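Dropping a structure here in structure tokens format, bear with me for questions.
Just so it is clear, A, B and C label the chains in written order, and each chain counts residues from 1 on its own.
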Amino acid sequence: MSENFEVPKPLSGTGGWLDDRFHGARGGRVLMRKVFPDHWSFMLGEIALWSFVILLLTGTFLSLFFVPSMNDVVYHGSYIKLDGVKMSEAYQSTLNISFDVRGGLLMRQIHHWAADLFMAALIAHMLRVFFTGAYRKPREINWLIGIGLFTLGLLEGLFGYSLPDDQLSGAGLRIFEGVLQGIPIVGTYLGFFLFGGPFPGSIIIPRLYILHVLLIPGLLLGLITAHLFIMFHQKHTQMPAKGNTEKNVVGQPFFPYFLAKGGAWFFFIFAGLVLLATFAEINPIWLYGSYTPVAISSASQPDFYMGLLEGSLRIMPSWEINFLGHTLTMSVLIPFALPLTIVLGGAALWPFFEQWATGDKSFHNVNDRPRNAPIRTATGLAAITFYGVMWAEGANDVIADKLSIPLYTITWIARVLVFVGPAIAFVVTRRICIGLQRKDRQMLLHGYESGIIRQLPNGEFVEVHKPLNEEARAVLEAKTVPALMPGPDSEDDNGVPPPQSHGVLGRAKAIANRAFAETVVTETNGHGNGHGNGHGNGHAVEAGNGHAVEAGQEEAAVGSAPSAPVGELPAADGSEDSPGS
Amino acid sequence: MSWINARRRRPVAGYAALLLGLVVVGLLYGAFTHTGSSAQASSPASSQQDIVAGKNLFEATCSSCHGLDAQGTSQAPSLIGAGAAAVDFQMSTGRMPAKEVGAQEDRKPTLFTAQEIYEIADYVASLGGGPAIPDAQQVSTAGANTGLGEQLFSANCAQCHGFAGAGGALTYGKYAPALTAATPTQIYEAMLTGPEAMPVFSNGAVSPAAKRDIIAYIVDTRVETNPGGFSLGRTGPITEGLVIWLGGIGFLVLIALWITAKRRDPRPTGTE
Amino acid sequence: MSDMDETEGAEGAEGPVAPRRVIGTPPPAPRLLGSGDGPGAMAGSAGEASDVAHSGEHFKGKLPTEDPDPARSKRIEKMVAACFILAFIAGCGFIAAYVGLQVGSDRLGPGDNVVDAALRSNLALGTSLSVALLALGAGATLWVRQLMPNVEVVEERHELRSEAVDRQAFQEYFKEGAANSQFVKRPLVRRTLMLGTLPLLAAPLVLLRDMGPLPGTSLRHTVWSPGRRLLVYGTNTPITPAEFNEPGSMITIVPDGYQDDADALTKAAVILIRFEPGQLQIPTRYQGSTLVGTMNWTVDNIVAYSKICTHLGCPVALYEQTTHHILCPCHQSTFDAPDGANVIFGPAARPLPQLPITTDAQGYLVAKSDFTQPVGPSFWERG
């Protein structure tokens, strides 16, 4: 581990040559010591990144063999079960890749699994960013770019699995065309223009191909680059911990640590995908058969990331409006537009909504623990529930078959659950968050249970609590509480309510603000050595984050923990108190 | 015995005893359970003896629901004109005699031998005619056109039974069963007679040759290896999505926890 | 920093000590940034903050180089090397598997099953590749976690907001440049510029016009016409009512002359069902003044419905003989076959169009005419 080695001449020579022309050393010097925080959940986005790289690599291999043509051929190839069947060249070339090209089936499967993993990792990553509040200033644009990436990924996957022109994906394209056709005024034109005529036509596969291998990957690449560059420039957020402040980044340097970890991660992701591609069959198009508009299979679903749309189409009761010789097919338009708008639109608007509701315009480089932001966490769980119900409904015929539940019953349950579920999830999650906050407060005040039982002189048995160490304290104390903004009922010296609270919007803002500002008060006076009987100023301030504590914050505690007036602890705590160690 | 005695207090002894008990019970169960014959030889020519024997069996077993003259009751339909093929299908798959009335009858081990089933079938056929049990040549898959079979299967069968015959849901608790257990004869008979919710595919619409092609396709598909690994049920993207979340993301999260775990250094050598 | 989590009897006399149970994080490694650890150190170096940022050196000092336990490191080194050697072997195995295992009927022997060969090749290639990648990943992880010294470094975040002087200058230069260009002062130039570029912005949209033909009235018709024979899909043979005489029968039908035309079949596929006498009760229905359903369009208790779901165009194919329901597997739209394929569940809003059928001189089933209403998914101009 000594530095007493010479950098090899070829390396230093090349480096010098480049630096002469691009002054790379100045940036490289910064880069090598750039600090990256180390938390497992920060690696979820990298799963998507490396999956994308693997998609590019395997996709290039596949593009060397795939024929994006809808010309009909009669099959006489290796897969003799389909001998004599008329099929498109696209389907035939996919059979060829699977059965006649060494490694072809492996590459196809890696490619498809990587696409699924890309989307799954994006969802996991988005959820992590959401629940830790990492989308807040200054990262709103990056959040929006992320949502754009997700949407593009949806389309890319849809177009990709439609390329082999098999029965399953062809049915998906038919549904896609039906949805387009139903759009008011321009629908039939959109359908005919995209497909070059009536469905299926003979041009859709080549068009989807160029979208799938050139246009959308180009957009994805550009957006990913922007996403990474912004993250690089603004530096990654970090989890609350001792010594982690709003003004620093704690972690390990890029060279060699983060580089090595990133490399290891790439290998593991690739390995995971190859394992799946070896032992788990995906998209067996030879079993689906070549597409014909006359046939369909049970259990026809798109890939999982389209599940929201599929479920919403199945959950919808029939509704169509006919007027003046025109048809508005609400059975199609509502499921197509509404859930996606709610989820993606809601996600896109959320950072701005939160800023509006909390009045919080400060920078945030330290993440929130989800429990410390009950409204955000509860909304996220409600959205997940909504998404999940639609997802499950999209699989309703498979669930009906495998779990022996009647088909229509599942749809009826979903129709109710899609409204009731998110509401219940919201309420329950919020209560759980507040409960966890209380638990944190208990730990801070009384320490943790050490497992040692001691008998007091009066005969009572108590468990000895030990104080938390500094690292644990720092984590539990790290809490930003949005300030309670003056609402419509507060008045300034002249008796005028604040201007921002006027009107319906103002009142809505006040309600939202009250909800966001609700929190459980945490003790921060350092009296946490096992006793602590209610002193404390009621301020909840994150250790060392330079957050200005507004006078109005005193009221923040009022809206919370109704049983605990500011500064007092519920009586129940007393009995567990121990005189410390 | 002393060898066992000496080791009876070892920790592994309990597991060994349990394992032995399970094996013994399993063997006993297998020996004493009558599974009946599901093998299908070609049907022997019917004779008057068979019809009489069949009538006796019918009156003993089937008439309680189907009526003494097979005319049907409120519990079960008439079997006049149902034909030998329908009887053979229902009884060789064990669906009949029905045990409980549910959304539909499930395949279960049959209580009758093949000979007994033929006799009942002959008797029922003698009452009103109906489709006959196919012979071996009619269900043989030799030389069949699986390509045509694939087209016919996907247009008329896959919407219920799934693209690879893995089964599918129907309404009100009914379902189209998986095609893994049905023999070629049973598949032929099912197409011909349209059991329960399944439509009828008479020989006028789907010729016997076409039926052979479909059977060949079904049989080829179900024995076919899955070259990509485990088939995940042959039900399409639903199970794939499950695997990517549990297997893909789950596995990778565990690896991520490993890579980023904080290191616990060995005790410092006193410089604190 | 105390690292006494291993010691016994830590409670009592020594006062607050590090807990035995793991709640918080393990004690962090020594921090590197000039002076000591924690945010307090920042204050002292605040003045250097911009220097630090500009000079590019984010933490002072050097990464640790001494090895506290060389024996252990040697062991780890061997483990990492073993991982990499395993990766090498597996990688060679991958190449060997590629060269050695053939796929495809033209390269396999006569008795070899193509699908089995594909499985063998996939297993061999995939296992070797995943072992190689796993070994590389494991080796790299062990290397960085156990060989490289444990270190945690801190760097400052620079202000993202530009200095006031920069913002000022930007604003000034912008105003200066804008004034210089006279963009604001000369509205004629400005407006004609915008006018001039407008058509070019529209040009890309205009160029897309020939992507496809206008739909016209093509969605209102199918290829069915009077006298066109109904063919059984697959065998492409015509069918007579006598051949389709079992009640409960169902079959997929395509129009004669268009058996292979996917564009035509997308709207012309038909499902043919035979009922028991008396079961068919199709009411006479009108849509506006157009007749869309009647018993007159059936032959011998045989009815022909469009097989294209009126929801989004999937083939509606699940016919339940017992309930007489036609179920679409895509989104579970359900149609009641004896009742003119009326919708009884699911998102479809209109019944399946009925194809008028009759028999021709030879007795085969033929269409009486085209469908009298548009087939398939709804669209704006449908009416």
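Basically, a residue touches a chain if its C-beta (ideal position, glycine included) is under 8 Å from a C-beta of that chain, and two chains touch if they have at least 3 such contacts.
Just so it is clear, the structure is predicted and the values come from calculations on it, not from any experiment.
With every chain reduced to the mean of its CA atoms, the largest distance from subunit C is reached by B.
In terms of C-beta pairs in contact, the better-connected of the chain pairs A-C and B-C is A-C. Mean C-alpha position of subunit A lies 42 Å from that of subunit B.
Between subunit A and subunit C the centroid-to-centroid distance comes to 16 Å (mean Cα coordinates, whole Å).
Rounded to whole angstrom units, the spacing between the C-alpha centres of subunit B and subunit C is 33.
In subunit C, the residues touching two or more other chains are 25, 28, 115, 118, 122-123, 126, 137, 141, 144, 233, 252, 315, 317-318, 329, 345.
Within subunit B, residues 148, 151, 155, 159-160, 168, 170-172, 224, 226-229, 255, 259, 261-262 each touch two or more of the remaining chains.
The set of subunit A residues that touch two or more partner chains comprises 80, 98-99, 105, 109, 261, 264-265, 268, 277-279, 292, 294-300, 397, 407-408.
By the touch criterion stated above, subunit C contacts subunit A in their complex at residues 11-12, 15-21, 23-25, 27-28, 31, 37-39, 42, 56-59, 63, 65-67, 98, 101-106, 114-115, 118, 121-123, 125-127, 129-130, 133-134, 136-138, 140-141, 143-144, 148-149, 151-157, 160, 208, 211-215, 218-219, 233, 252, 254, 260, 262-263, 265-267, 269, 307-308, 311-315, 317-318, 328-333, 343, 345-350, 376-383. Note for the complex: subunit C touches subunit B at residues 1-3, 6, 25-26, 28-29, 68-69, 72, 113, 115-116, 118-119, 122-123, 126, 137, 141, 144-146, 150, 232-235, 239-240, 242-252, 273-274, 315, 317-323, 325, 327, 329, 334, 345. Across the complex, subunit A meets subunit B through its residues 38-44, 47, 75, 80-85, 98-99, 105, 109, 113, 116-117, 120-121, 124, 167-168, 261, 264-265, 268-269, 272-273, 276-284, 287-289, 292, 294-304, 307, 395, 397-398, 400-401, 404, 406-408. Subunit B meets subunit C in the complex at residues 148, 151-152, 155-156, 159-160, 168, 170-172, 174, 194, 196-202, 204-207, 210, 224-229, 255, 258-259, 261-269, 272.
Interface residues of subunit B, counted against subunit A in their complex, comprise 103, 145-148, 150-151, 154-155, 158-164, 166-173, 175-176, 217, 220-221, 224, 226-232, 234-238, 240-241, 243-245, 247-249, 251-253, 255-257, 259-262.
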